[in-house]
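In what comes next, chain A is part of two complexes: it sits with chain B in the first one and with chain C in the second one.
Up next is the complex of A and B:
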C-alpha cells in the first residue's frame, strides 16, 4: 500500500524534505502548499495560546493538508533538546486525534544525526521487504536531499546579496523561483552535482548595479521563522527592495551540518558567544549572540533578530544583546517578535526607521564608515565570464553562429525569390 | 526657573516657537508683498491629524490639530480646508507658496498620495529630527501617542537606537482615554486628579486588560479616584519602561512628546521613576512634533535636491485637493493562495469631466499585496 505523506514546508526547505522521501518505495509525497493567512488562522485556533508560532503554523499546515489534500501521515522532527521543539510531534499528534482526524504525526529524530535514529523513520516508511535492499533507497534519498539542501542554502544566500543591486525590481525573485523549481524537479545525481553552474548562469543574467556600497545587515533568529517568508513578512525581500544587502545565515543545510557535528562555522560562533552564553539553551540563542559579535567585528551596519513571541531561548538572547549595549555591543539591532498578526504597518515603520538609522551611522559614526567589503560571491558571479559550462559553450560557440548563418542564408533565399519577379517585370 | 535649567542651549528657535512672533513678521512681509516659501508637515496618526507650516527660516507659521474623522482621506481634506480658512483669516493665503509636503504617521503613504506629498518618513525619524531641532542637547525622547509608544535614543543629534511597542498598547492615549471615561472624568483633567493624590494604589501594569480589571477591583474596594489615577500613571510608567524602554540607556536630558505628555500625572510618575527632570515641548508643541519633523525633513530634502540638480518641484496638488473625490476599492487577488486584500485609491477630478464616462478616474495608490505585483506608490 502506498502511503501519502507530507511535512511542514518551512519555506524552500520543502524541496529538501521532498527529496528525502520522494524516492522511497511505498511512499507518495505531497509537497505542502505555501503558508497562507488561512493556514495560520486554523493553526492558531486549535493550538494552546502561549505556544510558539512555529507550532501553530505547522499544525495549521497539517490540518490544511488533511482537509484539502487527503494526506493523513505527517513527518515532524523531534529533539531531546532544551526547548519546546522536542515535543511538537507528540502534542500535534494528540491534538489532531482529539479533533477527530484520522491522522498520525511520525516523529523523525534530529537530536544527533550521527546516531542514525532518523533513518529508522525512513526505513519504517519504505515498503521494501529485503532488509539489505531497504538501505539502498534510504542512502540514495539522503544523498539527494543533502545535495539539494546545499543548493537551497546557496540560492537563498545569493538572493539576499543580489536583490539590493538589481536594476529592474523583481528580477531576483523571478530567478530564485525559477531555480527552485528547477531544483525541485531535478533528480539526476550528475546534474545535481553540476547544478551550481546553472545557479551561476541564471543569476549572472540579472542586470545589476556594480560599484555601489549598500548597507549590510545580518538576518537571523529562530530557524523556522527566518526560513518561512510568510511568517516573517518577507523581511529579506523588504530590506532588499530598500537597497540593503541581506546576509541570511540560517539555512537547513547549516543546521543539518551542525547536527552532524561537522559545522565548523557554528563551532567558531559558539566560541565567540561563550563569555555571554556558555551553553546551548535551545533555539538559536547561542549562535545569534555569536553572529552578532562576528557581524560587529566584520563591520556590518545592522542586525535583525527574528523570533516567535513566546520563544524562551530567543528571548534570552534578546536580553543578553540588550544588556550588553551600547558597550561592548554597539551594532544597531532590531528585534522582531512575531506572532499570528499579519499587519505589516508597524513593522514597516520600524524597518524604514532602522534603515534611516543605519544610513545616518554610515555618514556620521566613525565606527561604521568605510568598512564595506563586497561579498566575494558577487565578483564570482558577475565578473568571471571566462568559465563557461557545457550548455553555454554550446550556445555561444556553436548554436548562435549556426543560427545566424542559417538566418542569413534563409534571408538571402527569400529576398532573392522576392526580387526575381521584380526583375522580370522590369 | 525652568528656563535657567534648560540653559542657553534651548536655542533661540525655541523662544521664537513659544511666542508666535513669526505671525507678525509674516504680516509685515505681506505688506511688502513678498511671497513666503513654506514647507508643510502632515502627521496623521491613529487619533488625530496634525498639520504644520514652516517657513525657510524654520519658524512656525501655522499649525493645526484635528481629531480624525472617518477615513484618513476625509480628515486630511478636512484639515486642508481648515488650514486654508485659517490662512485666509490671517490674510496670508495668497502670499504663501508651498514648496514641499512631508508626511509622517501610520497613514503616511495614503496621505502622501492623496495630497501629493514629496516624502513620507516614519514618525520615529520625524520625532527625532524635530526634537533635536527644538532642543539640540536632547539624549532621550519618550513619545506616547494615541496607539503606540516609542523610545528614541539620540547621541550627538543622531538616532542611535529606538524601540516601539510591538505587542501591547497599554499606556497609550487610547487606553487612558478609555479609563478616564470609565472613571467618569474628562481626559483633560486626568493629570490634575493624579497630582492631587495623597497616596498611590498598586495597580498591575503588565497588560492593559490586567490593569483595567485591577483598577475596577481597587475602585470597588473604596479607594478614591485620585489615588487610583495616580496608581494607574505609575503602572503605565513601569509598563513603558519595562516594555519599550527595556535595555535602553535612558540619559537626561529627556524630552517627552506626544499627546499623553499633556498628562501632568504621568510626567510626575516618570520623574519619580527616572529621578530626573522631564522636559515637555512648550505651547502644546508636544503633539505637533511629528509634523514639525516632517516639515523639517522635506525642507532638507528640497534643499539637497536643489543643490544637486538645481531643480525642485513639489508634487503638492494644491488646495484644489478639496475639489477632488477620492474613492478606495478593495479586491482579493487570486494570484496565489495568500488571497491578499489589495486596496486601490482612485481620484476623481470633478472639474475635468469626460462627457461619456463621467468624471475622470486616476489611480493614485494601490497596496496591500505581499508580493508587490500590484503596488503603486
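Up next is the complex of A and C:
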C-alpha cells in the first residue's frame, strides 16, 4: 500500500523535506503548496488563542492538504526542549481528529540528531520487509536531503547579497525560482554534487552594478518565521529592492549541522552570548544575541529580529537586547513581532524609516563610515569568468608559474655576466 | 557592560548581618518558604516585598517588555518596589529554576530570569542566584555555590540547605487551599505588609445559604491562583457563592507519582505544567464525582498554558465536565471576572439541583 504523506513547507525547505521522503519505497510525497492568506486564516480559526504563529500556519497547511489534495498523513518535527515546539504534533493531531478529519500527525524527533530517533519515523514509513535493505533507502534519501539542504542555504544566501546590485528589477527572483525548480527535480547524486557550478553559472548571468557600497543588514530570528517568505512579508526581498544588502543567517542546513553538534559557527556565537543567556532556552534566542554582538565588528549597519507574537525565548532575547541603557554596543535594531493579522503596509513604514536611519548613520556617525567590505561571494561569482577543469587548472596553477620561474632563472644565468659591469658603472 | 557587574560583592561576617530581598512574585508562591528558611539558616535578614498593589503592576508593565506574561511583569514591579522600599539591601535574591527532574524543563522565562532582570532593568543592587538544575547537578551543589558567594563554607551551607528542606516539607504538609495565602504572608515580618481580610458581599440569600453547595476545582500555576490581586480574590469570591474550592495543593501527593504521557506516546517535558496535567488526570478519571466544575486560570501570553489549556479543555469536553478558562492580564477588570464566574456557578447549580 502506498501512503500519501505531506509536511509543512517552511519556505524553500520543502525541497529538502521532499528529498528526505521521496525515495522511500511505499511513500508518495505530495509537496505542499505555497502558503497563502487563506491557509493562515483556516489555521488561526481552529488553533488555541495565543499560541505562536508557526502552529497556526502549519495546522492551516495540514487542513488545506486534507481538503484539496487528499493527504491524510503528515510529518511534524518535535523537540524535547523548553520551547513549545515539542507539543505541536500531539495537539495538532488532537485538533484534527476533533474536527472530524481522518488524519494522523507523525512526529519526527529532532532534539539531538545523533541519537538517530529521527530514523525511526523513516523506517516506519518504508514498506520494505528486509531489515537491512530498509536502512539502505534511509541512508540514500538522507544523503540527498543533506546535499539539497546545503544548496538551498547557498542560494538563499546569494539571493540576499545579489538583489541589491541587480540592474533590472526582478532578475534575482527569477533566477532563484529557476534554480530551486532545477534543484527540486534533480535526483542524480553526481549531478547534485556538481550543482554549485549551475548555481554559479545562473547567477553570473545577472547584470549587476559593481563599485557600489550598499547598506548591510543581518536578518535573523525564529527559524520558521525567517524562512517562510509569506509569513515574514518577504522582508528579504523588500530590503533588497530598496538597495540593502541582506545577510540571511538562518537556514535549515545550519540548523541541522547544529543538531549534529558540528556547527562551529554557532558554538562561537554561544560563547559570545554566554554572559547574557547562559544556557539554551529554545528558539534562536542565544544565537540572536550572539549575532548581535558579532555584527559590531563586521561592519553591519542594522539588525532585524523577526519572531512570532508571544514566542517565549525570542521575547526574553528581545528584552535583554532592548533593556540595556546605555547600550554597550550600539547597532540600530528593529523588531518585527508577527502574527496572522500583520499586514504589509504597516511594516513598510517602519522598514523605510529604518533604512533612512541607517543612511543617516552612514553619513554622520563615524562608527558606520568607511567600513564596508564587499562580500567574497560576489567576487567569486562575477570576477572569475574562466571555467576551470583538470587541464586548465594544471596549466594555470602549475605549468605557467613553473615555466615563468625557469625562464627567469635562465635569463639571470645568461645575462648575469653582461649586466655586472653596467651596475658597477652606475 | 552593565553597571551591576562591577558592584562590590558584600560578604557575611560575625558583626555584619546581610540583608537579602525577595520579590513576592512568580515561584515565591511555591518555593518561597524554602528560600526564606535557607537564607535565615545562613544568618541573613530576609526582607520580602509588599503584597501586589495597583502601583506595582503599573511599574512592572512600564519596565517590562509589553509582550511578556503578566506574572513576569509583576516580578519587574516587585523588584522595583524592593529597591524603593529597602535601598540598604545587600542582595536581591532571584533564583534560576531550570529543572528538578532530569527530563523536564521549566518555562524558558524562568531559565534566564536573573539575566532578564539584570539586563532588562538596571538594578543597582547585586543579584544573588540559586541555580536548581537537575540536568547538571544535585540541588545541594547549587546551594553550595550560593553559600560561597555569601561567605559560608561547604559544610555550613549544606547543613543549612538540608534543614531548610526539612522545614519546608513540614510547612507544606500543613498547607491547603484555605490557609495558603495567610501562611505565606506569615513569612513576612514587616507589619506594614500585613494582608487585611477583605469582606465580600454575600451573594446567596440567607435562607438557602449552605443548602446547595458546589465543588469547584481551580487549575493553574500557584502564582496565578494565590495572587489575589491579579485574579481579583477568586477563591474568596467563590466561597461567598457557596462553593468548596479545591486546588492542586489539596490533592494527595501520592497522585503525582505516575508520569503523564500525551496521546500515549509523547513525553511531557514542562515541569510547571506537570502538576496541572496530573491533577486534571486525577479528576478526569478516579475523582470525577468529587468536582462539579473546573476553572483554569491562565495569564495572557503564557506559552505553556496556551497549549495545555487546549489539551485539558478537549478532555473535559469529552467527559462533560463544565470548564471555564479565565485569561488574566493587567487590564482585566473586577466585574468582568465576577460576571464570568457567577454565570458558571449558576449554570452548574441549575444543572445539578434540578
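Couple of notes before you dig in:
Keep in mind that, in the parts below, the second predicted complex is superposed on the first by the 384 of 426 C-alpha atoms of A that agree within 3 Å, B and C clash if a C-alpha of one lies under 4 Å from a C-alpha of the other, contacts with A are read in each partner's own complex, and residues count from 1 in each chain.
Here is the rule we use: a contact is a pair of C-beta atoms (placed from the backbone, for glycine too) under 8 Å apart; a residue touches a chain by one contact, two chains touch by 3 or more.
The shown structure was predicted, so the numbers you read here are calculated from the model rather than taken from an experiment.
By the touch criterion defined above, A:361 lies against chain B but remains apart from chain C after alignment on the C-alpha atoms of chain A.
By the touch criterion defined above, A:352 lies against chain B but remains apart from chain C after alignment on the C-alpha atoms of chain A.
Judged by the touch definition given at the top, the superposed model places A:50 against chain C, while chain B stays out of reach. By the touch criterion defined above, A:276 lies against chain C but remains apart from chain B after alignment on the C-alpha atoms of chain A. Judged by the touch definition given at the top, the superposed model places A:332 against chain B, while chain C stays out of reach. Which of chain B and chain C touches more residues of chain A: that partner is C. Of the two partner chains, neither chain B nor chain C is touched by A:190.
In the superposed model, A:83 lies in contact with chain C only, and not with chain B. When the two structures are aligned on the shared chain, A:312 is found in touch with chain C, with no touch to chain B.
Shared contact residues of chain A, touching chain B in one structure and chain C in the other: 309, 319, 322-323, 325, 337. Chain B contributes residues 106, 121-125, 148, 156, 158-162, 164, 166-167, 246-249, 336-339, 370-373 to its touches with chain A in the complex.
Contacts from chain A toward chain B in the complex involve residues 33-34, 36-38, 169-170, 173, 230, 233-234, 237, 241, 309, 319, 322-323, 325-326, 332, 336-337, 339, 345-346, 348-350, 352-353, 356-357, 360-361, 364-365. By the touch criterion given at the top, residues 48-52, 78, 80-84, 86-87, 89-91, 93-95, 98, 107, 275-279, 281-283, 285, 309-313, 315-316, 318-320, 322-325, 328, 337 of chain A touch chain C in their complex. Here chain C touches chain A in the complex through residues 1-2, 64-65, 67-68, 98, 103, 105-109, 111-112, 115-116, 119-122, 262-263, 265-267, 269-270, 300-304, 306-307, 309-311, 314, 327, going by the rule given at the top.
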